[in-house]
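Labels run A, B and C following the written order; every chain starts at residue 1.
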Amino acid sequence: MLDVQNLNISYGGVPVVKSFNLSIKKGQIISIVGESGSGKTSVIRAIFGLLPKGGDISHGDVLLEGESLLEYDSEQWENARGTKMSMIFQDSGAMMNPTKRIDSVFTEYIRTHENISKKDARLKVLEMLRQMHLPSPENVAKSYPFQLSGGMRQRVGIAMSMTYRPELLLADEPTSALDVTTQAQIVRQMMELRDVYGTSIIMVTHNIGVAAYMSDYIIVMKKGRIVDEGDRNYIISKSENEYTNELLSSVPSLGGERYV
Amino acid sequence: MLQIIIVLIGISFITFLLTYLSPGDPVRNMYTATGVMPSEEMIQETREELGLNDPFLQQYVRWAGNCLKGDFGKSYSLNKPVMELLSERVIPTLKLAGLSLIMMIIIAVPLGVASAIKKDTIVDYLIRGVTFFGCSMPNFWVGLLLMLIFCVKLRIFPVISALGDFQSLFLPALTLAIAMSAKYTRQVRTAMLEELNQDYVVGAIARGIKKSRIIWTNVFPNALLPLVTILGLSIGSLLGGTAVVEVIFSYPGLGNLAVSAITSSDYNLIQGYVLWMTLIYMFVNLIVDISYIYVDPRIRLKG
Amino acid sequence: MNKILSFLKSNRQFTFFLFLAVLIIMIAIFAPVFSGGVDPLHGNISDALQEPSSEHIFGTDKVGRDIFARVIYGSRASLIATFGVVGLIFLVGSILGIIAGYFRGFVDSVIMRISDMMLAFPGLVLALAVAGIMGASMRNAIIAIVIVNWTKYARLARALVLKIRDRDYVSAAIITGSKTPYMLIKYMIPNALPTLIITAATDIGAMMLEISALSFLGFGAKPPTPEWGFMLNEGRASIQSAPWLMIFPGLAIFIVVVVFNMLGDSIRDILDPKLK
């Protein structure tokens, strides 16, 4: 459904990503793995049309069901973002206005994409929060982002991004800021989304363990280039790529089994 | 609250000390003002009567105690209680300060926001250029120029704003507003740019929220929050500025009264003026602090 | 020499405004030359209140003195007072701030409490009172403005010193017994100086405005000395009949403040590009 073809990204003329290719099918989970500075975040930001100032796609194309996203005008983007495709960030709480309560941020989002009353929107918020297994959704809705724990904030972020059952979910280090137990819960919830709604997920992470646990297909990036890629089994057990194995060896293992 | 009391004690002490050390002799001034040539005996007698021969601290405590009771002494030059003179003049000055603040907000907020949203475009450069020049103009010169244009050439306003009605309030307030606007346009711009760089803006874009909505219902209100504090602090320079402007337009406010008090070495009146200004200033800042706690949930709830 | 030239070349904005600032200072120093030898203190009463003309390009005042000559000579009083104020607040504030930050404890609390109090007080109001009570003169106006403004430098210097004082190498030097004056000169002052200089440079314009405001109210320069703020005060009375009396001195203040503000900004940009 999404094809990234020969993508080149540069910041102020300095290339940071070179000839990146990716193709994802419905219901597939692909992870892009690499250290910071590998260009992985630039890739999904570019897909979502959210490159920071100075960033520029110098070459290549991003096609969503055959339609180029690079041709989108701001209105098309506003319609597509949050509905057809959504994004989860490392800290979803920081991506919400700190002076507004969760339900206010959430209803603002809902009422942008759907013409419903404030009251109905609020009901929808509670429904979505409940689906994310958040304890006492009413209290969460009444809270400010900074009053919630990292795990709760992340679940609120996922709840928001799933409101309109996007075909494509982009996740930028969704579990990196969390403790191990919470990481596992979030990972499971994201996989549930794929199983229930058939959402395709592209996840960026520096943690190859998480990637190996979740994904069908893994892309390894280093210094702006793809250095290795393949389905999960290939990457964790068959790849002879030096860098891939270096990343794998840094994952803590328990009793011979890789721990994720 | 405790801090206010400490500052008030400190300021009252300083003003009293200054008057105490000042070269002029209040008793002589008093007599000169009434047109009497006093003999040396008369002066000594009056000094004794007024307690001016007592030790400094005793004088200060007596004076401060009287101030607490609302008795700031008598103005030598105008021969009226200081309290009465000040309370007559305080409302016009507050009116002037208030109107100029409103005018400043009307000018500075749209300019600052436009400058931030259109950053690095011709609009931004133009606004920044104008504010730069605005910052470099002495406010009394601005006042005189406005007077020259509106009162002398166009004859829209009276030259002397002695009446205290809206017509006489307008130009003095505009003068103060112009000087402040230049500063605040920059502040609004900086605050807006800082807010526009926050992560939640990216988050809102990622949720598909319309740009205008992001700016007006999220970024803009948040950018105004820090400005509330700066506004409180600049009340100080505003109150000082009122003195200059009141003199230019012969406006019947506290500042004008103070300047004439200073010119005639009317120490009781000067002391009263300084204390009142401090009180007003600290009161405004207290309100600002409280309202800030109320409007920013991060401060209210984090404790 | 070549180094200086290439520095000036690569910082065009700075060079341009430095040139203008030097020009202004030159005008003040060589006022008799720039005014064409016209006496700013005496005029012919028969020439009173003349409009600007080729003979008196800025016109004359009510006793017939040439406004152009007075504006030129007025630069002396304004510049001396401004540099005096900036120099004094820089010195007093920095020294007190460095002392407070370095010694901390009791000295620090005393200095900072006084500075808190000054900060919590409307500046020009206090300056007015101080200048007024001490009697109207340029010296007292300068003292009044210094009293009101030194705190900013003290706070800044204190913060800068505190920042560096906590570094390991400084603590080590103190523990190993380096003498206090040595520590101050070797570490504290050089570290705090650049930021303080930037602040002083950007403050020149604002201080000039404050001084001229006091003069305008009659608490600064004494007649017949030409001073821009006071000239505006004199011109105010004849705004209807002779507006040139207030236009030119005000313009002079405006231009000089613009030049020094721009110069301050470009010094800041060179010394600390982060702040830009």
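The rule we apply is simple: contacts are C-beta pairs under 8 Å (C-beta built on N, C-alpha and C of every residue); 3 or more make two chains touch, one makes a residue touch a chain.
Everything numeric in this text was worked out from a predicted model, so none of it was measured.
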| item | value |
| --- | --- |
| Graph class of chain-chain contacts, one of line, ring, star, complete, other | line |
| Chain with minimal offset from the mean of all protein Cα atoms | B |
| Two chains joined by the most C-beta pairs in contact, as defined above | B-C |
| Farthest chain relative to subunit C (centres taken as mean CA coordinates) | A |
| Distance between chain centroids, defined by C-alpha means - subunit A, subunit B (Å) | 52 |
| Distance between the centres, which are taken as Cα means, of subunit C and subunit B, whole angstrom | 22 |
| Subunit A and subunit C, separation of their C-alpha mean positions in angstrom | 56 |
| Residue numbers of subunit A (touch at least two other chains) | none |
| Residue numbers on subunit A that touch subunit B, as the complex places them | 48, 50, 74, 77-83, 86-87, 89, 91-92, 94-100, 108-109, 112-113, 144, 146-147, 160 |
| Subunit A-touching residues of subunit B, taken from the complex the two chains share | 199-200, 202-211, 213, 217-218, 221-222, 225, 296-298, 301-302 |
| Subunit B contact footprint on subunit C (complex, rising order) | 114, 116-117, 120-136, 205, 209, 212-213, 216-219, 229, 232, 235-236, 239-240, 243, 246-247, 250, 253-254, 257-258, 261 |
| Residues of subunit B that touch subunit C when the two form their complex | 3, 6-7, 10-11, 15, 18-19, 22-24, 132-133, 135-141, 144-145, 147-148, 152, 159, 235-237, 239-241, 243-244, 247-248, 258-259, 261-263, 265, 267, 270, 273-274, 277-278, 281-282, 285 |
